[in-house]
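Please find the structures below.
Common to both upcoming complexes is chain A, partnered first by chain B, then by chain C.
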Partner chain A sequence: MKKLFVILALAALGVVLLWVVGKMPEMGDSRTPDKTHVVPRYIEDGVKEAGAENLITDVILNYRGYDTMGEVAVIFSALCAVIALLDREKRGVSRSAVDASQVRSSRIVRVTVRILFPVIFLFAVYLILHGENSAGGGFQGGAVIGASIIVFTLVFTLIESTRDIPLTLRVILESLSVLTFLAVGFIGVFKGVEFLTYILPGLSPGVAGALRSQVFMMSIEIAIGVAVGAIFTSIVFAMIKEENFELEPHIPEP
Partner chain B sequence: MNWSRIFQNLNYAVSLLLFLMGLYTLAMKPNLIKKIMGLNILETSVFLFIVSIGMVDSGQAPVMAHGAAQQVVVNPIPQALILTGIVVAVSTTAVSLSLCIRIHQKYGSLDACEILGREVA
Partner chain C sequence: MPGRILIILFSAVGTVFFLGGTVGILRFPDLYSRLHPSTKCDTLGACSIIIALCLYSGLSADTLKLILIIFFLLLSSATCGHAIGRSAFKHDIVPWHKPGVKPLPFEGEEN
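Entry: the complex of A and B
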């Protein structure tokens, strides 16, 4: 009965929204309001005003810098909430289901991950450092770093991972993004311009000035990438750890 | 119904379908993990919709290489907004999954009806 009601309500909503889709402007039309208001200026002057060739990086770090700073704070507070709920893992004590399992992951999987891990990590570094000039950026690279470490943890063990990536290191790295954002933002304030201005007034307008603003943006991107990677790692470690396992010895490899 | 326009705007229609699927999962499935999955499908549909709005016919990725002025590029703003949205979605998913872990530790179940029944009784 409830199911029928929900399906009917959703169908009614779907019909109304489908009618709206039929009334919307054609996809790919370049004359719709969202592309004629502020976007032409971003496309024309974005590289000059904001300093990066990738317009998305310009929008994220410069035109909407406050938004991105809030976003960094959001993911940091998500980490805080997860740790408040689940607590940190204890080094050398916390184990995951993989650690407690009697069956080790197959040798094929382990060798593949061992070969792929550095390549994935290198790709993440490329994404972070190339965020200004081509596709990529801090969040994307950080997500890839986090993913590579998660794969490592799931195939090898949590004990191993927490030994390689100790808590004391991650605690520093996690807060790096917010702090770097504030530090770079306040450089502009001390120079007498607005918060989060990368192109400072005293600089020569030529290549050197552009380089300086690139350094600011790149330091923010690197900090975001490292911090997002560390935060994802910490969240997953907190989620998969368990402390009350009946530990059974590993079956020795044949 | 303007069917030809709907087929031209196929991305919008597909995101509408995903939206309804997510909403149905969120409303009907008692399992909390499935509810979170439904929420994620719903969020994905919104991302697809907003990114599709920024599309321009034969537009390039919005990366202005050295000196290459006046090329047709897609709208960068939706992509930047969706980057923000994805991070927020990941954060909410992380928090809700850890809540699920605590709920399972306390009640031994992830079934919403079962948990509520026990709570009421």
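Entry: the complex of A and C
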């Protein structure tokens, strides 16, 4: 009886959803409101209103600035949740399980990572700095930074990584993105315009004004990149299982 | 015209290796033998397709980027294959052998 009810309810829901899908405009229909109003506005006034050459950056940082700030906060709260569950890594007390395994990384892997690590990091910096004008941006660059540090940590040990990127430094970097976003957003408020406006009154829309808005956007991008990188690094560090390091005979899994 | 033939040749070679690699990953019995086709995909398959792209795009700034991609692809995927195989060997994962056939001696095995 209960099962029948569930099936009926699901069927009704499915019918409603299919009906809605049938009512939706066709893919690429040029008469929908988003094509007639939103897109022309972005294309025609985007650079003037938002202040970046790249329209996608305009949308992400200005028209949907709240959304992006929410994403930054989501990543930060993910870190908070991980730390609440797993705690921070304890530096100097123990060594990572990666190290405790008898399988040490081979020389080939170590040399390759040593060659690749700076290049990956350079690419991340390029992504962050170039995000304003072309493909890339803070989130992508931050993810690449995080990935490069994760590779480094897996090959060399956690103890090496935490020596170079200590906890005290990461605590500052992790919160950087939300704070910078808020700070830059409130500059607009104090100047008498909306929150998260990069083109401020009193600035001529010429070169100087463009430069100013670019500085704001760039600082947000850099802060997002650095913070996302630090947050990813901290999450992985917290997840690496630490044990007191003893060289026991390795027991193969059955 | 000969350029176009070269482009077609290189991309065909790449596609064939990708196809072989995919079938190999699906069909081979264990980790060690699967490692063999999967690394072919990345090195020979992807590199031939990128060489075809190089020829297609002509001499420009993109060519340099593509060549850099080839370089890093060769470096990282070969190392990756090595690391996976070595780690499996050190963790005493025994290679597959045909049922009914006496397996070759495996050093990691304890008996």
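What we mean here is this: the second predicted complex is superposed on the first by the 203 of 254 C-alpha atoms of A that agree within 3 Å, B and C clash if a C-alpha of one lies under 4 Å from a C-alpha of the other, contacts with A are read in each partner's own complex, and residues count from 1 in each chain.
FYI, a residue touches a chain if its C-beta (ideal position, glycine included) is under 8 Å from a C-beta of that chain, and two chains touch if they have at least 3 such contacts.
Model, not experiment: these values are computed from the prediction.
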First, second, both or neither for A:Asn133, with chain B first and chain C second: first
A:Leu17 touches, of chain B and chain C: first, second, both or neither? first
Partner chain in contact with A:Ile172 - chain B first, chain C second, else both or neither: neither
Superposed model, chain A: greater residue contact from chain B or chain C: B
First (chain B), second (chain C), both or neither touched by A:Val109: second
Touching partner for A:Ile60 - first (chain B), second (chain C), both, neither: first
Which of chain B and chain C A:Leu211 touches, first, second, both or neither: neither
Chain B versus chain C as contact partner of A:Val119, first or second or both or neither: second
Contact footprint of chain B on chain A as seen in their complex: 2-3, 6-7, 10, 13-14, 17-19, 21-24, 26-30, 32, 34-35, 38-39, 42-43, 46-47, 53-56, 58-60, 64, 67-68, 71, 74-75, 77-79, 81-82, 85-86, 133-135, 137, 139, 228, 235, 238-239
Of chain A, residues touching chain C in the complex: 102-103, 105-106, 108-109, 112, 115-116, 119, 252-253
Interface residues, chain C side, partner chain A - complex: 72, 75-76, 79, 82-83, 86-87, 90-92, 108, 110
Residues on chain B engaged by chain A in the complex (per definition of touch): 1-3, 5-6, 8-13, 16-17, 19-20, 23-24, 27-28, 52-57, 59, 61-66, 72-73, 75-80, 83-84, 86-88, 90-92, 94-95, 97-99, 101-102
